[in-house]
Amino acid sequence: MDLAGCSPHVLRRQYLGRYPCIGIRIFGSINNRESQSQSDRISREASRRQQQTSKPTAIAINSKPQIIYHDPVITRPTFFLSYQTLKMVIYSFYIFDRHTECIYSRSWLPPPSQQQQQQQQQQQQLPSSSDPSSQSHPPPAPTSYNHPTAIPSTKSSSDNAKLIFGTVFSLRNMVRKLGGDDDAFISFRTAQYKLHYYETASNLRLVMLTDISTLSMRNVLHQIYINLWVEYVVKNPLSPVEHKGGEGVRNEMFEMGLDQFVRGLM
Amino acid sequence: MSKVAANGGGGGNKDQIPVVVGGSSSSSGGGLRYPSNGKTIYHRPINRSKTTELSQASFAYLFSEMVSYAQRRVTGIQELEKRLNLQGHPIGLKLLDLLLIREPPRSQTRPLNIITLLHFLKNNLWTHLFGRQADKLEKSLNSEVPDQYMIYDNEPLVNAYVSVPREMNSLNCAAFVAGIIEGVCDGACFPATVTAHSVGGKEEGEMWPEKTVFVIAFQPEVLERESLIGKG
Amino acid sequence: MTIFSLIIINKAGGLIYNRSFHEGGLSKISTNDYLVLAGTFHGVHAITARLNPLPTNNRLSSSGTRPDPPSGLEILESENFRMQCFTTLTGIKFLLFSDTTQTNVDTIIRRVYEMYTDYVMKNPFYQLEMPVRCDLFERKLLSYIREMNSR
């Protein structure tokens, strides 16, 4: 099954066909991860999830199970509008602090298809053909599709972050030079992907990579800053002022909120 | 682009030329064989497709290389123009023959006075080479050089893509065409020196920035002969 | 709809042409800055081609055709302008700066490329990879862009 070329909802359906109880797995994993946290928080998260995410709804439509909750949102017309008109695909998301360090990165890329897995396995078996730039980590199990594959902290992904920062930094300076000091770099696109950029007043830089048909994501990045970063990182009393090595960013609330928000868009 | 590359086409690739001999293919006679309708391979271009057009781009690249070739080891602009002129000269010599043989038999004579020659250049030669007539024909009004003649071309085809750098601004690559004209004149026994000069204004909004004049200065003996003919 | 300026970068990252068509579109920077900008952009362009997040399959696809290699930056948008980059098969980059509402940039940039092939590449006095100083190119380009800007 080749997933790379699929549009997002087709892709989702294919997975749903194979893993109809995917919603359960989500909650299972949440329970595992927050085994110490209070149960009321879980239920709060669950209800929020019901209202925001599109995925459980899609499951409810397609596999008609009783195992998942009834979603009241399904009747909301705006939901269908957004689901059908905005078929955007978000690949990955990065945050850079004012010291140019990548303090957070996350990828929503689907795992490699079986064909590619085989190819990768073949490549791994061949000792000479180890390409450091290719994704050499073993592909995650299909069940983990619904979890964000947080970009593994391998050398290649940190290199990627550095390259992305170098690119946006150069382009931002170029834009400022040409368009004047009040100008701001918004996005660029190649034939394969589109990169969106948002810079806050405190020199925090948010970068998102999407497919090329996606329209401007400036508002989305702004929303992420206001509703997630400020709420869950800045206002978090346990979070340090400087996020060296991503300290304080990878907290439960922020990660989950970001995942829900992005999946709601897709 | 008209027929620049088709000139002298008679001696070209025999494979492309249909056999025009009526009937016998025996090698009995030898020499030139004439078809029944009297039209030999010299009477029409090799390229017989409906639009007898050639690619202007390929000519432009060829001409570009010709100029680069002429530019090697030259000391000045005059020498460069001289070399371009020499490249055109043999073409002119051959073209005179070719163009005359394509004329209807009645007018198949070479030009015998200057005016006929100039009209032959302006009409026949220009149409054959560039697909249109030259834009203007003039006699010099300057009393010091009374017998110079000028042919104007508003946008010479050879210069269509040529931008002459500023430090060589007296150069005009149409010296190649001047060489062709010179060849025709020489072949018709009107020995002359032909030079090409840019006269188009370089200002903005100029209608013909590439306007070129070909100045034809005949040798004194030509003028002498011309005056004798005029008297007779 | 206004076209601000055009930059041509050769395959080694050197600036070979730079012309502004509209006053006040972009801030004026020195020629030296333009040279630096061309070099920087050349590097960034190469990086953006490598940043492709999708897994690339280098093998021939089922239809037997080789997939296109990842392209570099094609369109850049900022609040004040929009830049389109067209890379020729020979690695020359045409950068066309316009205001954000400009349409038809694809056609315009193609036409500019055509003019380049005509009036620069067919010019016997142009040396490859060197700065473009061709009167004809300049003249045709200016009149074409002026026509586009006055629409």
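Brief remarks on what is shown
Note that the chains take the letters A, B and C in the order they are written out, and that residue 1 is the start of every chain.
Just so we're on the same page, contacts are C-beta pairs under 8 Å (C-beta built on N, C-alpha and C of every residue); 3 or more make two chains touch, one makes a residue touch a chain.
A quick map from chain label to UniProt name: A, B, C = Trafficking protein particle complex subunit.
Just so you know, these numbers come straight off a predicted model, no measurement behind them.
Chains touching both subunit A and subunit C: none.
Among all pairs of chains, A-C has the largest number of C-beta pairs in contact. Distances from each chain's CA mean to the overall CA mean are smallest for chain C.
For the pair subunit A and subunit C, the distance between mean C-alpha positions equals 33 Å.
A separation of 40 Å divides the Cα centre of subunit B from that of subunit C. With centres defined as mean CA coordinates, subunit B is found 71 Å away from subunit A.
Put simply, subunit B touches subunit C in their complex at residues 57, 60-61, 63-68, 71, 161-166, 168, 173, 202, 209. Considering their complex, residues 4, 91-92, 107, 109, 112, 116, 119, 133-135, 160, 163-164, 166-167, 170-171, 174-175, 177-180, 182-193, 195, 209, 216 of subunit A touch subunit C. If you check the complex, the residues on subunit C that touch subunit A are 26-27, 29, 33, 37, 40-41, 43-44, 47-55, 57, 59, 68, 70-81, 97.
The touching residues of subunit C, when paired with subunit B in their complex, are 118-119, 122-126, 133-137, 139.
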